[in-house]
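The structure that follows is given in the form of structure tokens.
Labels run A, B, C, D, E and F following the written order; every chain starts at residue 1.
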Amino acid sequence: MIETPDIERPSKELVAGLAKIGSATASGELSRLGIRDPHIRGLTPWTRGKAVVGPALTLQFMPKREDLYRVDEYADPEKQLHRHVLYHTQPGDIVVVDARGDMGSGVFGEMMLTYFKGRGGAGVVIDGCIRDYTHVQHLDLPLWLKGVTPNFHTQTNIVPFAVNVPIACSNVLVMPGDIIVADDDGVVVVPIKLAPELLRTASEHAEWEEFSRIRLAEGA
Amino acid sequence: MIETPDIERPSKELVAGLAKIGSATASGELSRLGIRDPHIRGLTPWTRGKAVVGPALTLQFMPKREDLYRVDEYADPEKQLHRHVLYHTQPGDIVVVDARGDMGSGVFGEMMLTYFKGRGGAGVVIDGCIRDYTHVQHLDLPLWLKGVTPNFHTQTNIVPFAVNVPIACSNVLVMPGDIIVADDDGVVVVPIKLAPELLRTASEHAEWEEFSRIRLAEGA
Amino acid sequence: MIETPDIERPSKELVAGLAKIGSATASGELSRLGIRDPHIRGLTPWTRGKAVVGPALTLQFMPKREDLYRVDEYADPEKQLHRHVLYHTQPGDIVVVDARGDMGSGVFGEMMLTYFKGRGGAGVVIDGCIRDYTHVQHLDLPLWLKGVTPNFHTQTNIVPFAVNVPIACSNVLVMPGDIIVADDDGVVVVPIKLAPELLRTASEHAEWEEFSRIRLAEGA
Amino acid sequence: MIETPDIERPSKELVAGLAKIGSATASGELSRLGIRDPHIRGLTPWTRGKAVVGPALTLQFMPKREDLYRVDEYADPEKQLHRHVLYHTQPGDIVVVDARGDMGSGVFGEMMLTYFKGRGGAGVVIDGCIRDYTHVQHLDLPLWLKGVTPNFHTQTNIVPFAVNVPIACSNVLVMPGDIIVADDDGVVVVPIKLAPELLRTASEHAEWEEFSRIRLAEGA
Amino acid sequence: MIETPDIERPSKELVAGLAKIGSATASGELSRLGIRDPHIRGLTPWTRGKAVVGPALTLQFMPKREDLYRVDEYADPEKQLHRHVLYHTQPGDIVVVDARGDMGSGVFGEMMLTYFKGRGGAGVVIDGCIRDYTHVQHLDLPLWLKGVTPNFHTQTNIVPFAVNVPIACSNVLVMPGDIIVADDDGVVVVPIKLAPELLRTASEHAEWEEFSRIRLAEGA
Amino acid sequence: MIETPDIERPSKELVAGLAKIGSATASGELSRLGIRDPHIRGLTPWTRGKAVVGPALTLQFMPKREDLYRVDEYADPEKQLHRHVLYHTQPGDIVVVDARGDMGSGVFGEMMLTYFKGRGGAGVVIDGCIRDYTHVQHLDLPLWLKGVTPNFHTQTNIVPFAVNVPIACSNVLVMPGDIIVADDDGVVVVPIKLAPELLRTASEHAEWEEFSRIRLAEGA
């Protein structure tokens, strides 16, 4: 039987606090805290208007090699690691996938995402694709993707390799349990250790921005 | 006078049968039938929510070379090959264009696409662009494209070269008369000889998926 | 104090005249006037259905070099050049930015674009990104962009360098004061000296197209 | 049995004349004759210091599709089209291959190139790779390539499809029988119909360049 | 103190046997054994004419994140993981690095490579760069690289992350202890379990090729 | 008559001092002085084994626009700006060109480079190409290039636009008069104001490296 590690989840207060700032404020403040570029580039919000904040479950794909990957594996779908990462889902979790930028692999399809949504999953971040978008769009599940494809997850170049390990998602390091802040501007990774300080400085910044917005509207 | 070959069209039953499966099922089953990757990558459904299935009329572009292409040709638009492929249109046909990935050539404009729609054309697949999208969007014609451009079809780098010949559309071989299955997940090419077997296996698979979906909804 | 040059603006008649043709006609006619490719490739209309015509304010970014760029500059935001280009805004102006194609720099955010809109700015063209899209989308300001990002404008690789100078926007030369014609097909740059002749030939062409459209609708 | 067309070869005088000018002069003069860009970009002279001029035998690859390509074909190597193009070799011929830019397919190996060299083949131009370079380098055969690979020609993505047909080599159209001028600056395609005029104007230009070179050396 | 795992080394007979076949034969035979594409693309033999075969020590880089990487680490160079992989060097070993394709990081410099060479290291394979090439070229150490750079290994985007773990080198999976076959055609990864069978089939193939070469030279 | 600005040249002592360190030391030390990445990526030393240090003459290309560029200009070659930058050449100068990465424009040919060499020019750095390499290679002039092409400098997409202005060479800012340090590892730009401090710290570092090298050779 396959055992994969779970993540440590942040306090509800931390997540709720960060949910009040957007990805733009998060990125700017992280920059001031020394993180040069926390933005996962190249992903598009597939579901405009959604904003989510939550801890990262991580899934790592690696290049497919035929001697290590056997189609027979599919006789027992329970061995498929892209399922196992979802088994850890708790309400508010965001699954982040290192799909190696591959545009010919649909990491999750309708059934997996229905399950994830049912478990309270809050969002999906992939530097690659999902499939079954015709049906998936009706799930109302926030998605940040490079694209969609009709291909299944191991059809061409990649295979799931590890769950809840450090990954590189489109050249940004994501540790399991880091906090994801995602909205229409994109996806920002908040290192869990910096999250409390980010919350403090960003809240101040948000107040200042609100003040400026009012002043601007008043004609200043 | 220019003569270009027509295509052989599949039976209505075959098209109707394949219309019941989506591109995701088609790609997965073709993979099991030995076709590694039937997905035409890099195209976006420009008209979300559309799904079409039909035989491929093909148009091949080649790099423009000034000694072979003369602007004077346009004194007689009837010599323009991008028109000739559309002259073959029968209801349900899908025109598939090898535009060499070029982003500076609008393969068809409003007038050509109005004509195509009027003849019963079911969809347009181009590894390149159309133009006049401001007007074309009102035609309600399903489009899978790399993009749009204001440029006309021979303005920069490419010229139409042949009609209803084998083409490479974004690195997938398309034979005239192959069946195209296209929806929000993308475009899949079904080799005509494999279509009957695909229909048979995919129908079984679709039933199984439907069953799984019900079970999943029931909490399994 | 920073002084940057203003642009010379075209006559209202010229702009109004060009506003009647679309980018597709503009590009085709410019091609006939000797401009091979006036289309700024790679930008997406972020606000579908908008069409604008107006003179170009230009802003040039250059690669960031730490000895020339100091974060301290931000003690005095008035020195930031991306503000200065907007200070020149007159109703109908379009700001065109050479952002070097950078996908990790949000050239303008909500506050700058609110200001621009308030001054009567007609549209924004960037071979790069804006930020704060969550809020900016409510401004109803026409945008042609490569993307959006949460990062601020000098966070990673580039810095604003000059205002109302000749720029290269995605490999098209734009002179300050050139006329921009932008719609759902994309952005076309009309060299100011060619604008009157373009207006004359394009108007004829537009009439012919209108005639053809009617004929086509009548079944010809 | 497979029959493929041969090419028409130019006069020895024409080839000998063009052999006196280099690719730089050829490209510049063709530009003045209306050919905007006759340079096949992206290829590297794998054999520095070689210069060849001769007619083009052409070979076209297409994307591999498993239902049309069977490994069993290799029970009879005589059916392999990449052999057939070489069967046409006459002394001085240059084989030009549209390998679709693929970096995982070695179009020819040592045995094919040994044969080609033995038949008097003058050079190889591929927008892709050869294999067996360890041995091939000793053949002293001029090569312009994108790279080398250990993979054989149909191992991954492409298959040979047609011989002595019009091809696109790295976005330049090459007609069978066109004249190739290749040296350390790269590969230029001379449309056969323009070759006589190119020879005339280039010879004049070459004289003028020689004169300038002498003057420059004299200190002017 | 840092402890990193060592690899299991193949028998001398296996390595010696594989050293008699080249990368081209290895790739072709692995393809027949079911490995679709064992070629690490995009690397150039920086030292023409070298051929090496040996087991893979692996080093994995990840994107740099400032909260996890501190420059202070360099107060104690002994913590730098790119050193630790070299500490495992035994004569004949080949170090294979997943440098994420980064062109701004010199993974090893003169001192590290002098040490590696001194320990009997047989070759270096990086999907990225080394630095100090001015001096390194005199070490006569076989190198397959994407390029060279003056930058040190953590100067810009990446940091060493793990030693002797599974890596992806330019989209090919490499397990620690796999056998590398590298020469002027490029680098091929031989999965260690397939190595004995590869040796058997490749030896047969090599004999057949030798026979063909003789026949070809005799005029057949 | 065209007048273009000259540059201010550094002291001979500064250049001589920096000539003793290589590009690797220069890049590492500049990193410690706050310049994140001074390496001009993507260029290859076309003349292996050369190392040069000297002040930068700069030439900026812009996208070609037919209404601003007339072939007639060439009736008077004296107006061509790519000549004017070379007119400023003093012994030891290095010409650095922003050619916009264009691979279809040979910025300089044999005659220009012969002139430059004759004036004492020390090296050429282009994020693009030269032409006439067949002849140029005999000039023994150090070259760092993206490639070579037979095309002349304004044949396709770009035209020279300004001399001795700030440029971006492959995404690195170069100010006229900055010091270029170039060798087999690549090209590093030393901001002129940082040059004295770089010289001081790099000299210390060089001594330490020399010491380490001796220790390493002694077996430490």
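Going forward, a contact is a pair of C-beta atoms (placed from the backbone, for glycine too) under 8 Å apart; a residue touches a chain by one contact, two chains touch by 3 or more.
The structure displayed is predicted, hence computed values, not measured ones.
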Quiz prompt | Graph distance between chain A and chain E, where chains that touch are linked | solution = 1
Self-check item: Given chain A and chain C, the chains that contact each of them
Solution: B
Practice problem: With over half of the numbers shared counting as same, classify the chain B/chain D interface as same or different. | Solution: same
Exercise. Would you kindly say which chain has the C-alpha centre located farthest from the C-alpha centre of chain F?
Key: B
Quiz item: Hey, which pair has more contacts between C-betas, C-F or E-F?
Solution: E-F
Quiz item: How far is the middle of chain B from the middle of chain E, if each middle is the mean of its Cα atoms, in Å?
Solution: 43
Quiz item: Once you find the CA centre of chain C and the CA centre of chain E, what distance in Å lies between them?
Solution: 48
Quiz item: Any idea how many Å lie between the Cα centroids of chain D and chain E?
Solution: 33
Quiz prompt | Contacts with two or more other chains, residues of chain A listed in rising order | solution = 36
Quiz item: Which word fits the touch map of the chains here: line, ring, star, complete or other?
Solution: other
Practice problem: Kindly provide every pair of chains that touch. | Solution: A-B, A-C, A-E, B-C, B-D, C-F, D-E, D-F, E-F
Practice problem: In the complex, go through chain D and note every residue touching chain E. | Solution: 103-104, 106, 109-111, 114-115, 131-134, 137, 147-152, 155-156
Exercise. Within their complex, state which residues of chain F touch chain C.
Key: 34-36, 62-68, 100, 157, 161, 166, 168, 171-173, 191, 193-194
Quiz item: So in the complex, which bits of chain F are touching chain E?
Solution: 22-24, 26-28, 31, 36-37, 39, 41-42, 44, 51, 183-186, 188, 209, 212-213, 216
